[in-house]
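Note that subunit A is present in both complexes that follow, paired respectively with subunit B and with subunit C.
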Partner chain A sequence: MTNSLDSTPKTARAVDGSGPARRRSIAPAARYLIPLVLGVAAILLADALGRSIANQGTELLLLALLALSWNVIGGYGGLFSLGHQVFVGVGGYALIVILSYTDLPLPVVLIAAALLSAVTGMVLGYPMLRLRGPYFAIGTLGVALAVLAWMLNWPFTKASQSYPLPMSDSLGFTELFQLTIVIAVLALVAITALVSSPLGLRLVALRDDEHGAASLGVRRVRTLLPVWAVSGFLAGLVGALFALQQGSLTPASAFSIQFVLDAIVVCVIGGVGTLYGPLLGAVVVFALRQYTADFGEWAMLIEALVVILVVRLAPEGLWGILSRTIRAVRRGRQAGIAPQKEGRS
Partner chain B sequence: MQLVIDGLLTGGLYAATALGLSLVFGTLRMVNLAHGELLMVGAYLTSVLVVALGADPLILAIPAAIVLGALAYPLQRYVLTPIMARNADAPVTATFGVSVAVQSVLLLLFTSNPRSLPAPYATASFEVLGVTVRVALLIATAIGVVLVIGLHLLLTRTPFGNRVRAAAGDAVAAGLVGIDVNRTFAMVFAIAAAAAAIGGSLIAVTYSVSPSGGTSWLVIAFTVVVIGGLGSIRGTLAGALILGVVQTVGVAVVGAQYRDIIVFGLLVVILLIRPRGLFTKAQRV
Partner chain C sequence: METKQSGGATHTATSARPSLIHAVGVTKSFGGVTAVSGIDLDVHEGEVVGVMGPNGAGKSTFLSLLAGAQRPTSGELVVAGRRMRSADRAAMARLGVGLAHQIPKPFRKLTVRENVRVAAQTAPRARRRDLVEKALEMSGMAPKADSPAGELGLLEMKRLELARVLALDPTLVLLDEVAAGLNTRDLDELIALVALIRDEGRTLVIVEHVQEVFHQLAERIVVLEWGQKLTEGSPAEVAADPRVVEIYLGESIGAEKPARTAPRPTTEAPLLTATGLTAGYGQATVLHDVDLELHAGRVLAVLGANGAGKSTLAKSLAGMIPIRSGTISLEGAPIDRLGSFQRVRRGLSLVPEGRRLFADLTVRENLELGLGPRSAADSLERVRTLFPKLVELSDRAAGALSGGEQQMVAIGRALASEPKVIVFDELSLGLAPVVVDRLLEAVGEIAGWGTAVVLIEQNVHRALALADEALVLRQGRVVFRGDPGEFTDEALRLAYLGADL
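And now, the complex of A and B:
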């Protein structure tokens, strides 16, 4: 009797402890390795794919990248940005302008364009990040509309006219797809590292309990600013790649509010504030758009209704539902074993 | 002088368009990102009625307001209030979804072409003491002022207003003394939508509306609310008049192509100096 009484809590502890402990030992390596392996495989495969599939692949990855970028600040930071199209536009225009005036190699220009977008973000973010909740949302929307109005009138970037990419710098569909894969993999690895870093933990603490975090010495703007810059860097890359894909930009195309709409829709459907939710969401939304390509407004309406449903019924999104189901199945299996043991003793 | 009059009249229109946002923000503590779309839907509803019945658009704006209010009531009651109860930030995402959904419905029904409401007074103007006054804007201002006063009286002088203010101040305590908070919130949202329908119809009479046009009106309305102060209906009128004058004078100084930059720039500057609004007293965070 005493034996069985002793053993029950021990097994319970062992069962409870094994799950997280095992995940802690295996998961970190896998989290970095799996995207790298998949990325290399995709790059090798890309050569064999046709031009149109490669182009669609680029579009899918750009959607995923944009969502990853938004998710860093909107999901982990809890700041609902409606101004990410500014990053996209600055990144895109920076790439085209730099390529038009210099002969720098493309990778350097890509990084320069993304850096410029990040710096723009920091300049705008320094005041914006003081705002909270809906104030931040509408503040960033106001900035985005003001920047769009400015770009429509700025002679340096040909105002509202189309600004073409120099012909010599254009990439083939396959090359662009491969470049996008490289960037997407690096971005995912970087975000994985960011989320589990001290900065990422401070960010989440700030989101979940600002006063609690502040009492532990977490400074709001100092924490948010670098994260905002990372988000801007990624969205700037999206813009630069978008410019390479499109071949020319107008303020209406590069600073379109559609970018931030897409990012939010993808993140909410996939799972806001989860690592892989934006990727899952991008695949789902992209697939939906393929099926409803002939009637764009219907796709938008369906997406918006799904967003409302998700917020109302399943705020953790598809990824949240998926991982909860997996966890429940796993726990169910463990629970199925545990009573047997008890029964035997 | 001409500029100030123009500005004040534009401000009157802004007051009418910002009222719904102000009411919802002030009492439900929720920023309705779909407010711009409520304005647009109101204008399109009126436009449909004008085509069907052929009467004056500003008379038909009244049934349009009732219809929009009736549509908005269940939205708040069964979608937004349950979301609000769970997480203070979630309604932002939800109303964002509503905004995109409404935009795509408008696109499906009415295409992306801008449309305005025809009225005999839409482009008319008259002159007083050397100042040109646009009749449509004067009417818009008059309606805006009437709406502000009416709403203010409704909130401060009626039993319904008492319930609204009680629920806004402390929803739990209000529930304990027998107020149906859910129904009160839904009613507030419906009234805000009705006001937005009238505001949107005024936009369509004076300028024009399009399915995607709501976004910049949302920012204008939010700017007005921020200047006027959270939850103050009279402040909304003051904020609208200030914004109208600043914008009109600003356009005269730097040129019409920077019209939008002035509004959004003003919003950003005010948020920087006083993130909680210009006239608000120091508040709990």
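And now, the complex of A and C:
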């Protein structure tokens, strides 16, 4: 019945033949295996790298992790959060406070800190996720500013003074880098699983057409809340690792709006709502910042210019260009030549 | 959860079955406008009920109340056991109420199968896969299951819309003008699909302009007018009711009015010329090598099946999409490099498909936004003379108007810029015949002012009756161009069904 819609058998065959193949351009298993293999390789390599490179590697991965976290809700969910620094700050302070008061092993504390950040997300998300579009962005920004004001005055976390990480718990540059690699790889695997899960499908459906999704039984807050919590968990991990890297936190450093701005810039440059865009974007932004480090205030101008150029020339981001090119080449090879030959033979 | 079973006293044969919809005095107002007023209706399991009425009668609003998209202002409404006191689409979908929208909006970045999977998630995990595959199979979308939904044609999108509804495993299926915009052959396919859904024992409520759908499917028809229930009965009863004939068809029964007065001589230079026009989207070339010429005061009807490239032609003339090659000139000066706003300033206006009004602005504001450098002091006066109804609607929000009224505003907005050429894209889509009559009459008057008209229209016979020239597209190429009188049924069949028939 449907074939009668296609004007010629040739086009019908082209669609049938190339469609599924294109969708599975990265086979499911490889999407999990490649990051794992690369991760193990990087951990092994890390020993050979110097301390300064390891530290830079940590910074790069933290930027990437933060962007991955924002991308889950901002890219796949279409909710433009301006409040992710709350998660970073809660994760960071939670790690330092727990380490200061207990003797729990570091992995447990890391998970506890991230969980606390996720719970914060659930509590804040319940009212926030009822907001839409610009109201959500403003709402989350407002919450972030309120939390910052609170932290600057809370004696328990030493108010605006610096809160140091206990000396006994600090990690070497290489160890921290390796830990960050492990977390980054697990985060990527978790996000890959999330976006291809039924929950991820509902999330994208909500983003593309909220009413349409609701007509198909998708409940908005119930879908967004767990995703928002996952995003908070990951950003909390970034905060905890950031605390380990810095050795001490102040409210101004841990709850800085710069975190969420960085995440957005990285996602926009790499590709909002794509799996690997944030990674690519983090590499580009990090490299750019390294090269322009000596330019002083000009560095910000250059970065802004790059963002504007990407938004103007490649709204899907660099990953969008890359995957489109790969697809075009592949289609040229498969559909462009093969089906015509098929049709004649 | 118990619903009353006795409401529809007139239908003793069906009242033994449980009632899926129970409405008593259901009213819905938007601000000062009452869209649905005091409707009583009972629909029992397994029934197929049609809802008809002229544009603005409240059909779509009533359907949106049933689907939980809106909350009734007053009255008692129970659907699938849920008392409709608040709007909650998702809850209704989970209770097995599926709404197929008039304009399908699939999740464009997802594949067809993923689109359907979203709906299947209301079912228990074990049944989901079966539901998805069955919905794809039944709707005929299985061969396209892995294509991105954004690349589908209109009929396929409508099939996908139905497939998504089917994957909810609905007990109650609400169809909102699913036949709108389809040509005859596509329509038959769609009706066959809806009949399949009915044969599975699902209850259907069908809102439709296309009468054929009712005759083939509905057991009972409810006629709405101005938000109220005018009458209710079998298709034959309703068709025989003189009141129905009057409100629904209006004067259009005598629609065989003579063709427009003899076209003007065309000795002067053409106003609008296009040569070798080629355009498309992404990798697809939709329009191939189209030539046209149009003189002042003449009407050019552009015809063709769905996907023939009619709207693409309108958009490329108006500058909404760039052309790949060819030229477009207005009064001899090339305009194909100009942006659409510049073309409006030169005197080429578009009445876009779907009207594209500023829904939150008033009618007056919408019209004033159409004013441009070419407008004169009395430009809007001319519009008000053409559509006197717009005077009384001046201060209403454009979004609250009926489809026909909105189309009048859209035409008025385009006319406000005093165009030399006006392009109508799908003028009558989704509008009741009586409204279409009025609009086409207006098109004739506009041409009478000396404006050149490009009319893109689904309704072939009406368009031909009005046109001075016809241009027929098939798969993006011109297959006929000339006097509509010479455009025979043979040529029509060729254009719509293909040469191989």
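Operating definition for what follows: the second predicted complex is superposed on the first by the 309 of 345 C-alpha atoms of A that agree within 3 Å, B and C clash if a C-alpha of one lies under 4 Å from a C-alpha of the other, contacts with A are read in each partner's own complex, and residues count from 1 in each chain.
Heads up, the rule we're going with is that contacts are C-beta pairs under 8 Å (C-beta built on N, C-alpha and C of every residue); 3 or more make two chains touch, one makes a residue touch a chain.
These numbers were taken from a predicted model, which means no experiment stands behind them.
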Partner chain in contact with A:L95 - subunit B first, subunit C second, else both or neither: neither
Touching partner for A:A146 - first (subunit B), second (subunit C), both, neither: first
First (subunit B), second (subunit C), both or neither touched by A:F80: first
Which of subunit B and subunit C A:L171 touches, first, second, both or neither: neither
Which of subunit B and subunit C A:I138 touches, first, second, both or neither: first
First (subunit B), second (subunit C), both or neither touched by A:A213: second
Subunit B or subunit C, by number of subunit A residues touched: B
Contacts of A:A205 with subunit B and subunit C, given as first, second, both or neither: second
Touching both subunit B and subunit C, residues of subunit A: none
Residue ranges of subunit C touching subunit A (in the complex, touch as defined): 67, 69, 89-90, 93-94, 98-99, 101, 105-111, 114-115, 117-119, 121-122, 140-144, 146-147, 153, 155-156, 159, 164, 167-168, 189, 475
Touching residues (chain side subunit A, partner subunit B) in the complex: 78, 80, 82, 127-128, 130-135, 137-139, 141-143, 145-146, 149-150, 152-153, 257, 261, 264-265, 268, 272, 297-298, 300-301, 303-305, 307-308, 311-312, 315
For the subunit B and subunit A complex, residues of the former touching the latter: 30-31, 33, 79, 82-83, 86-90, 92-94, 96-101, 103-105, 107-108, 215-216, 218-219, 222-223, 226, 257-261, 263-265, 267-268, 271-272, 275
Partner subunit C, residues of subunit A touching it in the complex: 1-3, 5, 7, 12, 15-16, 19-20, 23, 198, 201-202, 204-205, 208-209, 211-220
